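My questions will all concern the structure given below.
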Amino acid sequence: MDKKKLQIALYWGAACGGCDVSVLDTNEFILDIAAACDIHMWPIAHDGKYKDIEALEDGFLDLAMYNGAVRNSENEHIAHLLRKKSKVMVAYGSCAHIGGIPGLANTFTREEIFESAYLKNPSIQEGNKTVPQPQTEVDGGELTIPAFYKRVYKLDDVVDVDYYIPGCPPAPEQCKAVLSLIVSGQPLPPKGSVVGASERALCEDCQRKKDEKMIKQFFRPWQIIQDPEKCLLEQGIVCAGSATRSGCGVRCPDSNMPCRGCYGPMPNVVDQGAKIISSVSSIIDSQDPEEIDKILSGIHDITGYAYRFGMAGSLLQRSVR
Amino acid sequence: MVKVLRTGVYICEAGTGAAGSVDLRMLAEYARELPSVVKVVECECPNPDPVSVGEQIRKDNFDRVVIAADSPGYFKPAFARAMSLAGKSPENVVLASFVGNGAGASGSTERAKAVICCAVSGVPFGLAASQRKKSVHPDTLVIGGGVGGIQAALEIAGAGKKVYMVEKLGTIGGKMAMFDKTFPTLDCSACILTPKMVSVGQNKNITLWTYAEVEGVSGSAGNYTVTVRKRARRVDEAACVSCNACSKTCPGEAPSEFDAGICMRKAIYIPFPQAVPNSFLIDEKACLWVTSGGQKCGTCVKKCAKEAIHLNARDEIVEITVGNIIVATGFQVFDAVKMERYGYGRLPNVITALEYERLTNASGPTGGNIVMKSLKYNKRKKVDEWVFGPDNPKPKNVAIIHCIGSRDHNHNRYCSRVCCMYSLKFAHLVREKLPDANCYEFYIDMRAYGKNYEEFLERVHEEGVHLVRGRTAKVEEADGQMRLKGEDIIGGKVLDFPVDLVILSVGLEPVPESEQLASLLGIARDEDGWYAEKDYNADPTGTERGGIYLAGVCQGPKDIPDTVAQASEVAARVIRSILSDQMQDSRNTLSLADIEDGLRRQE
Amino acid sequence: MTTECKIGVYVCSCGTNIGKMVDCDAVTGYTKNLPGVAVCKSYKYMCSNPGQEMIVKDIQRYGLDRVVVAACSPRMHEPTFRAAISHGGLNPYYLEMANIREQCSWVHDDHQQATDKAKALTCAAVKRVPFHEPFDMQSVPMNSASLVIGGGVAGLTAALELADANQPVYLVEKDGKLGGNLARIDLTSPYLDSAKDLLAERICRVTKNPKITVMLNSEVESISGYVGNFKAQIKSNGEAVTDIEIGSIIVCTGFREFDASKVGEYGYGRFPNVVTSFDLEKMLKEGRVVMKDGKTPKYVTIINCVGSRSGKYNRYCSRVCCMTALKYANGIKSAAPDAFITNLYTDMNAFGKGCEDFYRRSAERDTIFMMFDKHAPPTVSAAGKGEHFNMLVKVNEILSGEEVEIPADMVVLMVGMEAREDSMNVARLVNISRDKDGWFIESHPKLDPVATSTDGVFIAGACASPKDIPDTVAQARATTARILAKICQGEIWVEPVYAEINEDLCSGCRVCNELCPYSAIDYDPVKKRSAIISVMCKSCGGCVAGCPSGAIKARHFTDKQIFEQIEGVLEWASSRA
Amino acid sequence: MAVRANPNLLKQLKRYGADDVTKCFHCGTCSATCPLSQEPFLFPRKSMRYLQMGLGDRLKGNLEPWLCYYCGDCSDQCPREAQPGETMMSMRRWLTAKYDFTGLSMLFYESRTAEVAAIIVVGILSGIGFYLLGALSGGDFGSYPGFIPGHNAEYLTELGWDVKSVVLVMAVFVLGLLGINVLRMWWFTTGSRKDLNVPFDIYMKHILLCPWHFFTQKRYSECDKKKPWVVHIILMLGFVALFAVFLAHMIWQDDTHAHTYLGPLAGVMLVGASSFALSGRLNKTEAHYKYSHHSDMNFLYMCLFVGLTGLAQHIAGRIGCGAFANFMYILHMMGAVPMLLIQLPFTKWAHLVYRPHAMYFAAIQADVIAGREGAKGASAVPHKQSA
Amino acid sequence: MGFEPRIVGFLCNWCSYTGADLAGTSRIKYQPNVSIIRVMCSARIDPTFVLKALSMGADGVVICGCHPVDCHYISGNYKAMRRFPLLKKLLKEFGVEDERVRLEWVSASEGQRFSEVINDMTDKIRALGPSKIRVQLDADKVER
């Protein structure tokens, strides 16, 4: 092993895999990485075993990039492991950053999730009451599977995180830029920084024309024929762009879909969802409570709009039902 | 060369009511001598016939006609028609209005001459009657601490100029502070007024003297010396922290002015919790220590941990010099006892508008519950008394009667301008707080003339308030039940039905001190007792005396926005005079010769 | 940051006002141990001189850099203590008060709970105060010139008022002459004084005044800037453009009359002898109160509330028509003494000084008043053949309950006032709002009737709502009060507590733009950033909460400060739990 | 049905004393103040409205002016000094003129000269007549009551004259006039109204109201002020007493009782009440005395005159000044006859006929209306306007 | 001692805070469970504040502003009025009981009303029991 090379590991926690793919999506740049780094683990591309990692000295790794939320004990275990073995721990992608899509499960309890997945699911054979158990007695022995936690955590809930690269998934260019920076050996930003994203909101990069905003009715994207030049929010489509960091390359609004907020809250914002509801409701064009209610009834699934990606990272984090 | 216009002067006797003191004969003699005047016609007919006047004009070949009268506008159309019949230009009818130009008061013949002189010369009186400019003392006195006075004082202080504010009562705020809501927006009066009151209290450019009166005024425009009596509050304003310890043990009681007398306060009291200055004071008429000549009581002194109470404090007299004086003394409400037929003072549940304001006010004695009075034993006086209490029974039928003391030749002839709207507000509050109660408004004309007033009227109507055209005639009581008699004009009925609470929409009247203050200041009052403005249209806040201005209701009934606009107006004029360091001297000092001089300057 | 601060905490017992219910020693005992607290004392009357001196001395002795006073409501004594710490050499905004009197000792009756709450409130203040920032009063220069838009009586009055105070004024009038609507009027109500004299005096003084630049046939093309520092472009005679710099703008664009031909029932335009009030005004002035055929009318009916107080046209009352109608009744009586004059009204608005008398006097002169329901207006039709008059007015007279036919040779329609057709443009130009009827909206309908939500822009007269002459004149002068006050000060002082946009965080989404009721947020389309004009900000914080990017900071009420306060009030409570 | 506004009515009514009616702005105080104003007759406001607008037909068919006794409360309380009480009075004058088919009433009301002249002419004629009657019957001007016709009836009979028939002719003339006018009144107010259609039994049901009101003036006593009623009833009883004296004299030839006691009493009542009223009117002491039409003053002067001369005649006769008594007698008749021939049928005094009839017709109308509308609640609650 | 709710109140400076002061000057008693944080206008109240308070362990949050049309800043209270229903919808999803968060209009003269609001709210929350948010968030750290 060439000690000059960077020692890195990538891990895929409770996630869809898109983050791992996004690293692949840097295309030929991956060759530069391979040249510059020793990759110890990368589930989508490189077969590294847990025990290989465990075998490393503490702090051996220069960089660990963890994507995905923490949903079960295995996720947490590896998070701790990587933290121990690496100098720099990066939460990669929305799930690790702020909980991501898995975080939405915090609206429900573990029991509700099990019931829905294993008991009430139409694909379950009638009478089958099998629910995963962490430990199962089989032929006198005990089998274990990772324990399913009662809620989803974002990565920094369980381990200390040095940097965050937001996005679902992070834009390959951003990934490339961050990795280039690390490889170049230039000084790193202060700990806790969000890297690979802009300090400004998505609107900065969105090319749609923005005007003063007053909304009389909300729509879902499919309900109207959009004006492709005009700000989506002005057209009554709840777009989280103004409350979300830019850096993604305006992928959604450019495809006529509103921003869902995967790049997470703005630097000064504590709770992205609260900001979304605050700003969206502020610009309702009515002073009559009944009319306001009517207008607001156009917003379906407020949690989905406010916390599509950020629930586990929000102030309340989870439902208390 | 300008052609000399052959001018005929018509001196009309008819309608010479107020200017009865004008000597018309002398006036005619004077007019005859004026240049270009070919004839003076003395005209007695109250309704001159345009045709015959036209013939006369043709005969005498007048190119121009001057109508000199109290209110020559009444004749103007006839003369315009006469001129056109005579083939002359109707543009050349000139008015010489005595009343409009201050010739209503005594010594008016001279002024009337000047008015005619200006009219004959074709120069507006206001241009000719301009006074010498005088320099201005930069301080200002504001008399009255109601919303008008507050607004004026804050505007002037905002310009960095010094203001003295003298208020008769123990706190500023005036009547507006007593109100619950203000029409038509229904915003809470205290919410919008108290911040302004606090600003007055904290503004370093404003010297606030409450519980004080103006005792003497001397000097002239731009430089008045004013004597102010600061009556002894007997409580040190600066030291008092309004902790209320003193009043708890105070044995003296008097009806609370702030609560329009519907409940009692102690002899040592704070007018209301948000009073400015936020300090207690002692009502010497109710204080046992004062009335006993210092023999009895004095418990409050012991209770005051800050030693703020000085029972033997004396009135203080201070003298100040100011350049401008703003009179904003406001109004009092009509005394409904004078209209015996409504039973006010005799029937407990007939109340006046101000009393209702306190009754419905959340900070009032019933916490805003609209209730009837009930008999309660007064331990101190050992008698049963009719009092309001928060848990008293609620009225089922509420009648609101407009125009009490207003639009009435037996009382005040003028319209009080605000009653219709405040009555509608009352009705709205009744409907809001007592949804089961019937509410009736008895009106003559519904004067909803301001911005959003008509909309408010319709809203109240839609809320189910019965609007009945017809002022009721009387309120009587039989077997413990009040009955109201009135004509429902539009319904074509005489009404005689039971009511539980009657609210009298009392009109506005000049304060009793206004006569004295007018003579102190040397300003005129109109026949209804309001201070007279210099010119109804052109100068609604000025007086004949330079540097003395009127703001708000003391000039005539007005609602809050109009009062505030006037207050800002006078503030503007004060600031203007200070900024340019010049002001016109009093107009009432102008002689005929001065005005003739002024005319020459104009030409 | 917290640890760097040295906080002095002063607990007032306000005699016994606080002390009786709150154990002040317990509060000091608890507070003393909070992080950052350098000194904590309790005193009988903090607001008294010794109390204030104690703070001043402690600032020097302990090197305090923040002060918390737990006493009465900040609404009462915040200015006092700010002055005190400023005297001690600290920025006045380094003070925080905990309201343990009005909102604690006076409203509770359990000693323990009241003391606990006082601790919580004090703790919140202690946690908040380290995040306070120092501010100084700020100022921007005040341009002493003013722009008056509209040369009617309001504009003339306002211009004169400013010019008499030696301040330059630009008076812009769309028409070729000054006078506005008043120039069309001959006599004024209720005293029937000459409007010509009133106007002539003003116009004479305006044209002679060297401080006033009268711009006739001119319109304001564009306006930019903010209070004290506006720039305007005036287009004269359709071409010449003048650039002016002004500090204030007074809008007095007046009104237009209701178009009577909209009301079909009255037959305006159909019957030759149905005239509007303005037509009659002209006829009276020219001395020809005659019908189209030249005869003197024997029957004249005046109909009030044409286009006003109506469900169909304008809902509002036009305020002046009733008295104007009386003026016409008297005028016709004078010009055609034999005419039978009827006045159909809905409610007689004789509310001003002298008006009720005028009403009675008109009645005494045999004007017959008939009342109709505002929802059932009269109708005008041609008279039958052989009648000695030419029209019939039918009205459901509600005072008698009769359907009445009134013979009429001439019908006068008292047309109401409407917002001018160009009011929308004017509103956009000067950045003020209009209500549903098109009238300009004042800053506060009661206490600020001539200011608007845009600082430095004022409205006067009938452009804000229908108004008579005295009210217009009063308003016109009132607008100048604040202008002159600011000119006196020479600059505009701004409370340092306002909102500001962090340009590094703003992405130009423009969500905040509509949120400011004072139009203090300015969007720069080139930079694609919004910015707050601090002089116009009134610090409500609506935009701060509304900004999705967290780019707006409310000075002295920052998110962080409030979070600390929340933690503070709950921290003590959670430690108890 | 639409009615036509007419400017001339107001001009006309001004000649009857309705000078202030245009001041009224219809606040409704008067109608509600008046204790007599009850449904279905609400006055005086509505009548004033008819008058202002010139609705002559409405006014002509209106009974309401007669239902008012003019206590003056409404005028006192009127906020605009529109004098509703006086306006009602003027309307009564106008109605009297309207009921009178001869047109003389209108002449007398509208022209003071005409009334005064008529009184003087009739007075002089009757003076001459009675002198001649006395002289021709051989009466001695110095003897009293010998000069008075009827005291030597034989001579008259010889002449073919019967004092009774003279009286009868006069009575038929006056009553005939009044009768026709009352019929006209009935027609204007009740008969012509198709909406009423009064059944005969209702006419009979209330017929006694006429004499009842005539003698008691019960309704006047319902006013809040009682004094005017007292004065009026004294005056009225004075006339009744006089009439009784006259009847006693004429029919039963009983002079002693009636003449000795009732006559002077009636005279005192007449003089007392009329001088009270006159001084009230001259000094404008009370609301209802503030405004006086020439017909009011003429009537009171005549009452006073007749009363005083009657009393003087009586006293002079008693103390034996026969010539003076006879002179007074002639004067008395010079007053009494014009009163009977001019003022009773044509002017002020006619109200003694119209007013009781008005009560009667009003009761009939009220009955019909009440019957038609069923049991409508007495204590009305304000109706709700259309929004 | 039983459960004593902890309520955070956000009050606008011009109406509600003044109203609360008036309750004090009028000595109108109410339960001591509310701690008041003053803001200039109810429009300043970011939903984040409410979430923050709840996450910090508040059992209830009350927002008070001027009555509609009363706002010192013309229309600030309407902004609060618009934001509030959406916030409530969100809180419902998070399982926060309806009674815990309230928006009330209290004018400067309604000291009495302010005390009634606080008493009513305190009683209701006391009946409801403590908020689970803080407890659970703390527990989540220990027990997954």
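Labels for the chains are A, B, C, D and E, by order of writing; each one numbers its residues from 1.
The working rule: a residue touches a chain if its C-beta (ideal position, glycine included) is under 8 Å from a C-beta of that chain, and two chains touch if they have at least 3 such contacts.
For clarity, every value in this text was computed on a predicted model and none was experimentally measured.
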Worksheet item: How short can a chain-to-chain path be from chain C to chain E, counted in steps between touching chains?
Response: 1
Response to the item:
Looking at Cα centroids only, farthest away from chain E lies chain D
Discussion item. Report the chain whose CA-based centre is farthest from the CA-based centre of chain B.
Written reply: A
Discussion item. Using Cα averages as centroids, what's the distance between chain A and chain B in whole Å?
Written reply: 69
Worksheet item: When the centre of a chain is set as the mean of its C-alpha atoms, what distance in Å lies between chain A and chain E?
Response: 32
Worksheet, complete the sentence: dist(centroid_CA(chain D), centroid_CA(chain E)) in Å evaluates to 80
Worksheet item: Where the CA atoms of chain A average out and where those of chain D average out, how many Å apart are those spots?
Response: 106
Item to complete: Specify, in ascending order, the residues of chain A that touch 2 or more different other chains.
Response: 269-270, 275, 278, 280, 282
Worksheet entry | Junction residues of chain C, two or more chains touched | 75-76, 348, 360, 373, 399, 444, 515, 542, 545-546, 559, 563
Worksheet item: Touching two or more other chains, which residues of chain D qualify?
Response: 25-26, 80, 385
Discussion item. If we use the touch criterion from the header, which chain pairs count as touching?
Written reply: A-C, A-E, B-C, B-D, B-E, C-D, C-E
Worksheet entry | Of chain D, residues touching chain C in the complex | 1-5, 7, 10, 22-26, 46, 49-50, 52-55, 58, 80, 385-386
Worksheet item: Which residues of chain D touch chain B in their complex?
Response: 25-29, 31-33, 37-39, 42, 45, 76-81, 378-385, 387
Response to the item:
Within their complex, chain C touches chain A through residues 502, 504-511, 513-515, 528, 542, 545-551, 559, 563
Item to complete: Under the touch definition given earlier, write down the residues of chain C that touch chain E in their complex.
Response: 73-76, 99, 101-104, 106-110, 113-114, 116-117, 120-121, 124, 443-444, 453, 497, 515, 517-518, 538-542, 544-546, 554, 557, 559, 562-563, 565-567, 569-571, 573-574, 577
Fill in: Contact footprint of chain C on chain E as seen in their complex
4, 6, 8, 13, 17-18, 20-21, 23-25, 27-32, 35-41, 43-49, 52-53, 56-58, 72-76, 79, 83, 115, 134
